[in-house]
Every structure is written in C-alpha cells, then in structure tokens.
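Residue numbering begins at 1 within each chain, and the chains themselves are lettered A, B, C and D in the order written.
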Amino acid sequence: MPLTPEASGVFPIAPTPFNPDGSVDWTSADRLFEFYHGIGSDGVTVLGIMGEAPKLEPEESIGLVKRAVAKMGAKPIIVGVSAPGFAAMRSLARQVMDLGAGGVMIAPPTNLRTDDQITGYYAQAVEAIGTDIPFVIQDYPLTLSVVMTPAVIRKIIQDNPSCVMLKHEDWPGLEKISTLRKFEADGSLRRVAILTGNGGLFLDFEMERGADGANTGYAFPELLIDVVKASKAGRRDEAHDIFDAHLPLLRYEQQQGVGLAVRKYVMMKRGILSHDAQRKPGPGLTAAAKAEVDYLLGRLAKHDPRAKI
Amino acid sequence: MPLTPEASGVFPIAPTPFNPDGSVDWTSADRLFEFYHGIGSDGVTVLGIMGEAPKLEPEESIGLVKRAVAKMGAKPIIVGVSAPGFAAMRSLARQVMDLGAGGVMIAPPTNLRTDDQITGYYAQAVEAIGTDIPFVIQDYPLTLSVVMTPAVIRKIIQDNPSCVMLKHEDWPGLEKISTLRKFEADGSLRRVAILTGNGGLFLDFEMERGADGANTGYAFPELLIDVVKASKAGRRDEAHDIFDAHLPLLRYEQQQGVGLAVRKYVMMKRGILSHDAQRKPGPGLTAAAKAEVDYLLGRLAKHDPRAKI
Amino acid sequence: MPLTPEASGVFPIAPTPFNPDGSVDWTSADRLFEFYHGIGSDGVTVLGIMGEAPKLEPEESIGLVKRAVAKMGAKPIIVGVSAPGFAAMRSLARQVMDLGAGGVMIAPPTNLRTDDQITGYYAQAVEAIGTDIPFVIQDYPLTLSVVMTPAVIRKIIQDNPSCVMLKHEDWPGLEKISTLRKFEADGSLRRVAILTGNGGLFLDFEMERGADGANTGYAFPELLIDVVKASKAGRRDEAHDIFDAHLPLLRYEQQQGVGLAVRKYVMMKRGILSHDAQRKPGPGLTAAAKAEVDYLLGRLAKHDPRAKI
Amino acid sequence: MPLTPEASGVFPIAPTPFNPDGSVDWTSADRLFEFYHGIGSDGVTVLGIMGEAPKLEPEESIGLVKRAVAKMGAKPIIVGVSAPGFAAMRSLARQVMDLGAGGVMIAPPTNLRTDDQITGYYAQAVEAIGTDIPFVIQDYPLTLSVVMTPAVIRKIIQDNPSCVMLKHEDWPGLEKISTLRKFEADGSLRRVAILTGNGGLFLDFEMERGADGANTGYAFPELLIDVVKASKAGRRDEAHDIFDAHLPLLRYEQQQGVGLAVRKYVMMKRGILSHDAQRKPGPGLTAAAKAEVDYLLGRLAKHDPRAKI
C-alpha cells in the first residue's frame, strides 16, 4: 500500500533481529512484524537508523522488506534508503517499491549546512529515485547535525509533490510543529503527514501541537498507540497518565547508543524477539544496566499490566 | 569556603535574573541565593552555561559572585570561568577567588579532538589560573562536542592536584560513572567529587552508580535534594517515586535552548524571581509553551505540594 | 578615519608581537605599524584570529589599537571584536571607535547553521554595537565552520547599512566573488568592499574576479600590495609573476596552526619584530621547519631582493 | 600484486571517467590506467574520495577494479572500501582482492572522536574484512574531521599486522611524518609505507621529512613522479624547481569541491579522458574557471613542455 499524505497513527521503527552468532533471526523478524500488525500499528519503518541497516548485506535488507510486506497486511511499509551516494539510494528505492513497500525515508548527509544545500539535496535525491516514489523527510539534527528551518521543510514539500511525510525529530521541536501547521493554515504549505521521532520523549505534547502520530521505536509500541489514540480523541489527561507511567523507562531507552540494546532486551523479555543480540559492532548492556531496566519494568508494571514480564 | 574533593550533595546552577529592560535584577539575585541556601543546597554554581554568562559585563559577573558569597553562608561557590583565551580565564578566576569563591569550573573549547589535546588544554588552563585554585572539569559532549573517555578524565585528575570535582554530563553517562568509581577502587584514580548535570534527567540512577550529587539546574532544586538524600540513605523506591513525579516537567525543562525560559518562568511563578526575562538574544516562551508548563505544574501538584503555585 | 564601502587595497592582519617572557613587545608593535604604513598599506586589522586576540588582557588589546591609530596615519584601523557574548562585543567596539578605529570585524560563532541563524546573528550584533559603527563580515568557513551563501551575505549587507566590507575567505571562493559582483550589477546588492583572506593563496585570481584587495597576513605584505596594484592596473602577467615567485613560501605559511609561527619567524628575520615569540599556548617552529623556511627564503631571494635576509 | 610495507613511489588516485550522459566511459578508463602505467606509476588507487565512488553502482565499481588490474601490469591496485557499515566494507574488500587488487584503503567515519574510538574502529574493520587483506589507513582530518595523533596511528599499525601503508593527508602534517619516522628509529613502530595526499601541495617537503611517495591525484601525475624521484636521488633543488613550476596550477586544483572538475578538464585537454563529465550531482567549471586554468596551463608550458596542450 502506498504511503500518502493522509498517513496517521503509529509506524514503529523496527529493530533488526539477530541470532547470537550475528546472522539475521528471520523467525523473530516474522514474529516482530506480526506483533506490530496485531497491536494495531498503522504501518512500519524498516532499515532506519535504529534498524542497524548499514550492517546488513543487500540481500538481508531485501529479505527484511519482504517479510514486513508479507506480515503487515495492507499497511504501508516505509524503507530507509539514505546512502552516501544516489546510485545506491536509487537502486534500493526502486527494488523495495517493486517488492511492495509504500514509500522511502531519506535523511540528509551530515555535511549539509546552508538552506540551499539542503533543498538542493532533496531535489537531487528525488531526481535520482524518481518522482513516482512517495518519500519521507527525516529531520533529525541531534544525530545528523543538519538543521532545517520550517521554511526549508516547506520548500522541500512544495517543490517535490512526492514528499508525503515529515519524520519530525528535531529537539526541541514543539514550536516547529506549530509553525508548520500554521503554514498549512495560511495556505503556504500543502498538507503532509507529520509523525514524530526521538523515541516518543515529547509525544504527549507533539500530538497536541498537531502531529499525526509517531514514527519511532520503543519497547512498548502499544504505549505510543495509546497516547496517539487518547490524544486524538481529546482525552488529554488519559493520554498524559499513560505516557507519564512509561516516561521513566522511555527516557532510559532514549539514550544514544545504549537505547537499542535496552529496546532489544525488553522486547526479548516480552517474547517478541528470541535474542537481544546486535550485529557487531554494537554495545551490549552491562549487568548494572539490565538490573536498572528490570527495576523500571517492575515499577511500570504497577501502572501498566503489559509490563509484567 | 574552598571546594574540596569531599564536596557532595546539590549545587544548583544559578540562572542570572534580569529585569524586563535587560538590566540585572539584583533584588531577585539576592532572593535566589537566599532561596538556594534556605532549602539546604550544599553550594551553588554561578556564571555557568545556563547563567547567560557571556551576555554579562565584567562588573556584572563580579557582582553576581559577590552576592552569592554574601548569601550562601559558608557554602562553596563555584564560578564558571571558561573563556576563549587563558588571559580572560586567569583574570576572572583570580578575581573571584579573592572575593571568596570556592573554586572554578572549566569547560573545554569545542575544537578539541584528541585525548592529548584535551589533557593538554587542562594542563595549560591550570598553569594559567595557578595551581592553588580548586577546579571542576565540565564534561558535556552534547553541547561542547568534546568527548572525554574515562581514561582522559583520570589523567586530568591525576596530573592536576587542584582538580577537585567532575561535573558529569555526558549522555548517556551511567557507565562512565561506574568506570570512574572502578578506577578509584583499583587505586588508579584518587577520589574527587562527581556531581551530575543534564538537568537531572538521569539523577535517579546516577546516584546509584556512585555520583555524589547534582550540579545542575531545575526549577525545583528541592527535588534534586530530595532524590540525592533519599538515594544516599538507601531509600531507593522513595527516591524514584519523587523523581518520577517530577520527570514530565523535568524532561520538558531539559530542552536545549528553551529550557532556561521554562526554568525562569516557573521560578517566577514560584516567587523566587520577579521576572522571567532573559537578556537578549534569548528565546521566550510562546503562549502554547506556557500553557503546557502550567498543565504540567497542575499535574505535578497532585504529587508534590510545592508545585501548587 | 572611518572605514567605508570604498575601502580598497591591502589591509594586513597584524600579528601581536611578544617578548620571550610573554609580555607584549610594544617596541616591535610600534615598528610593525610603522612598517605597514611605510610600505603603503591602505589600513590594518588588529585583534584578528591571527593576532592572538583571545590571549590578551583587555588593557593590552586597547594598547594595540592605540598604537595602530597612532602609527598608521589617517589609514583606517579595523578591530576584530568577535566574542562569545554581545556584552563584550559591544564594550570593545565602542571603546575602540572612541580611540579612533575605523570599523570592526565580526565573525559568526561556530554553532550557527541555518541561513536565518546567520542573518539573525548579524542583526543582533549590529543592534548590540550600534548602527553607527562600520563593520566587516568575516566569511571564513574553513576555520569557523559557518557557511554563508552569496544570498545570505547579500541579506546581511542589505539589511544593515553599517556593513561596509566583506572579508572573503571562503575556500574555494572565486565563484562567490563573481556571484556577489553580479548581484551588484543586477542592482540587488549595494556596493561594499570585498577584501580577501586565506593568506593570499588565491589573491592572483581573486583580484581578477572583482576583489578590491586583500585583508590578510603574510610575512611579505609588500607582495600583496604588488599583486593588487599590478592586477588593478591590468598588468596580469606581472601580477602572476611576482605572485608565483612567492607562492612556495606563501603556501608554506598558509598552514593552519603553524602559519603564525612561520610569519613571525620571517618577520623577525626581516627585522620587523624583535622576537618570534607567541604567547602561550602557541606552537613554535621545529629546527626542521625553520630550515625549510630558510631554504624557501633563499630560493625566493633569486626573484625578489626583499627576501635577501 | 599484493601491497606491502615496502610500497614506494607514486600511486595516483584515479578519477572515474564518465560520458556526458552519466554512464561510465570505459574506453577512457582503459586509457587512463594505460597512461598511469606508461608514465611509471608504482600503483594506482581506485574508488577513493576523488573517484566519485559513492555514485557508482556495485557492478561499475567492480568493473573499474577489473580494468585497473588488467592495465596496470603487476603494479598493486589499492581500492577504497570505506563504507557506513562493515557488511558492505567486507563484501567489497573480499570481492576486489579476489579480482587481483593489492590492498584496500579505509577512512574512519566522521563521527569518531576519542583515541579509543579510532583504534577500536580499525580493529573492528580488520576483523570484518579479515586479517589477510593488506590495508591503508587514510588520515585526512580536513575532510573527515577525525584527528589521529601519531600515537594513535602507531597503535593501529602495531595492533594490526595487515596494515601496510599510511595515506598521510593531515594538514599541516610535516611534523607528523617526522614523528612517525622517529617512532621507527626508536623501535616503537614497525616500518610501513607513508604516501602523502592533499593533492601534493606539500610533496616537496614531505619527501624530505621521510615520506615514501605520493598517493594523490593531480592532472599531471608525471610531476609527482618527477618530484619523488629527484627528492629520493637527493637532487633537492631540481625537485623544488619542477614542483614550484607546477605549484600555481596544483594549488588551483587543490580546491575542495572544484578540484575534481579542474583535474578532469585538464586530463581531457591532455587527451587522457574523452570528457570532463562528473556523474550528478557534481559541480562543473564555469567559463571563468576554465579560462583561468587555460591561463595557468599556458604559463606552466614555459617551464614544462608536457603542459603544451
């Protein structure tokens, strides 16, 4: 199913499951996508930064996309295709669309500085992959060190009709959502989906500022769905209550470099993944860190029975 | 009172109070330091990154130090003296020590890269200010983009007897605290105080990993004191309970660039500051942001009566 | 004499002379400015990046400006006032203008990224120092990592009538000069002086692209004057001949970090400075490097008798 | 032929020839490698930063390596295999060695900061590609913003027996060569080849400091060979004479971003390449720039008849 500007809800960022020997754990991959589908995700993103994409062989990347397409029903699959060159980006983008992906996500290379360099890069990327492939802008300054103003994002969207979504993970970023929605209101920006990242650390307020949902990872993606649904339904206190209950763990998982290990560890404890292995090189959790996560899970279980594991 | 390696507890990072016309609000400054003293702070840090230090005239900087010394009893005052050149650093350091400060804090310049450049810089800084002034290493990669390994921190401490404290605000940083404490246990590192920063976002676990306290800002520094005391007393659940109650607001305040505006806004509502003004250039809070903070305060007040304002 | 948009020719960047004990060598400072004046410089820049400005005490900085004003006749003095905060920038700018400086130079802080951040910064800086002080934009991405497009430079110039000069040291930067001059030709940009930096490494072609001269340092500033004069007079081959003769040494001096040591060493050998000392911390030249410079001087002397030293 | 620590002389960095329509120009590729072989190159490097490697499809990359192997006689071929992940690095490295390459070159990813991160990265890279593949360290801080001290380079070499060469392009870097050679003299470092980069801008003195040759690009690689040979033979003045004659053009070609366009333009004029096209996105030369290069060629031809084109 193609990704459209009407996309909404929660698109988890899928980790790539590995066996302890470093091979891809395809059984867990199947189970993972079934899980995402079963809890009511509105789509999924594979081969993102947290998907350990650069460590994968080409055929493994393709295999993951195939499994996601097979297991996610008619839900749109977003595939990260960021690459140091447009040849690889184009090749991967066209392949995964042929396999049934719904769209691709493109992050800017870290050396871009000026507004013109950023808008120029997206123009070139669209020329490379073709104007028929729906794409997502990834706006992630903390990790990519590329800073896009609202006006730059607007220009990319207006210049490129195939842009259908913004993955918003600027930090802080609440005002940016408000500004972009104001651009829409004043007619200077067409509507695209805004889904937020950053592990959901500000999801409670991002929804209230006008986000359409979340495109991020967390060991309990059900929490993201709960918050998005409650917020959309106007049940503000309920959205914050469930969010706040998860915040201590969510914050713990939102540590650069360590976060993926935490996420895999919890998803393994939940039975979703068979192992918490990362492909090398990847930092594991120390015994102290695991004990901290266990403690947080115990505290969380008092508020959310899904954490009783 | 001089700062020593035995320092412990909470040293709030003091914001600099301004009047709406941009002049320093000395009345609020007096009240602020009285407040810090009254709640049982173990010291205070002035002219830090969050103190808007680069916007101050020299005589204003000196004035703030004088007030802190006058109002904080015998508690040690730490003064940020980071500067683009050693002449200014030396000059400020010697002046504030003469006025009764307890020590100075030095952040590395953002262009340092190699281990040798970092240890060399601290050697030169100590040579510049003199070996008789107790100093604090500020380890803050997120903002300064200088990455110090535990071994580099150890070398700075071992090479410079006047180093008495590490302001730890690496992120993620829990393992770094554990590693430094292991260095102490194996005898390769002498004991210095480790106080943590980052707005307290990981204070609950930092204490459990071996931190001696917090050297950071938050609109409710009493919370930092509560967590540090409960944690030191071994009342783990109590420490986490009060911490978790504050986490939604604390997280909101921990937004780069916006955080200081949030902090001043809340401290104004609490009656500690007369105004929430920053000296130009400084971003204010939008009406939407203020409403979000008010909402968070309302929710917090259910758990902590000090937030009823 | 105030700096105006009609400025032209060569404004050497003055090194700050030191005695071996680290004190300012005021005798050499006087001789240096007399030398610059004597060879026909059109002005001079003090307290620039290569002037070791951050190592100076405030009274030393002021002293240097006074000497430059006293010794340079009616030629305009440009003073570097870049600072981490606007308070210090304003204070220094107003002081030096009162002392007779012709204008100030402002480099952007290294953390600026977007076009709006850069133009916003210059607007704030002008508000801070006052709209009556002529100022120079320093465009130096290699060292400052701030990238300004021609359109950004145009906006700064158009928005701020007190902007009178661009110190152009982008690299590569020839097309930028051509683009800015095209902006002038099409009426979208008012005329300001463009003087180039980067140690003169592309001065030969920068003049041909439309630069008005050089605002940079080299141990033989006479060479810069020769090239600018010959180029302006349309004697292209002559300009390149003298330039090429100096290029091996000029290139050697254009090494980041080492360059200033080379420059001072040669100026000491020429009798302009009494010592080649830098204030600490500053790298000296190894014996091998000095021998290389001596060799280059020997080779240069065959083409330019001024190098016979 | 495998690359060994005894490698010496000139290994040009090969540009990738393209047709105006963006396809690889295989005829020019064959001619290019025949040219490198014919002038007496000691090897060649393909898929380097200046080889537009990220723009190539995998089969094109392989095709280039095959041609280099076929045309360069028994001379060792170095292949750039830097990649965002070890899977792609390993895959390319093993493929090209099977095809007859002599070794691979690995640049560090731009986010590395501490000494341990750098040495750790090379350990992981060697584990990924296998300890049987000779590899070259690329030390290029200006572009990669990773700074390696001599001690870090020593550790990589000592820890990894398959390291056979340092591509030295730190800038300034003369003292680094001297330091590494001193390490060898004092027995703390085993001998590896040091070949220098940076377009040869300091090749004259790099040879005198102990470099074994050049691993870089220039439109007249014969000049690099001349300088290396004369310098090795102790004919110092001769080495500098020919070097200085080329320096104005060599400097012009050494402009980041523009340099490759200059190089291809001159190599096209020399008849080595059929076109000066870069694959998109790639900046072309303006008419003004081409005229400047032509002028420099005209001046060079008075000293070096090979420039009469």
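FYI, contacts are C-beta pairs under 8 Å (C-beta built on N, C-alpha and C of every residue); 3 or more make two chains touch, one makes a residue touch a chain.
All values derive from a computational prediction rather than experimental measurement.
J.: What chains do chain C and chain D have as common neighbours?
T.: A, B
J.: Write the angle of the rotation needed to overlay chain B on chain C, where the fit uses Cα atoms and the result is rounded to the nearest 5°.
T.: In short, 180 degrees.
J.: Going by the average position of its CA atoms, which chain sits the greatest distance from chain C?
T.: Checked the centroid distances; the maximum from chain C is A.
J.: Given the pairs B-D, C-D or B-C, which one repeats the contacts seen at A-C for over half of the pairs?
T.: B-D
J.: Distance between chain A and chain D based on Cα centroids, please, to the nearest Å.
T.: Centre-to-centre distance between chain A and chain D: 39 Å.
J.: Measure off the straight-line distance from the CA centroid of chain B to the CA centroid of chain D, and report it in whole Å.
T.: 48
J.: Would you kindly tell me how far, in whole Å, the mean C-alpha position of chain B lies from that of chain A?
T.: 33
J.: If you look at chain B, which of its residues touch at least two other chains?
T.: In chain B, nothing touches at least two other chains.
J.: Flag every residue of chain A that touches chain C in the complex, lowest number first.
T.: 113-117, 146-149, 151-152
J.: Where on chain B does chain C make contact in their complex?
T.: Those residues of chain B that touch chain C are 53-57, 60, 83-88, 91, 110-111, 120, 124, 127, 280-281.
J.: Tell me, which parts of chain A touch chain B in their complex?
T.: Going through chain A, the ones touching chain B are 171-172, 174-175, 178, 201-202, 204-205, 208-209, 240, 243-244, 247-248, 251-252, 255-258, 286, 288-289, 292, 299.
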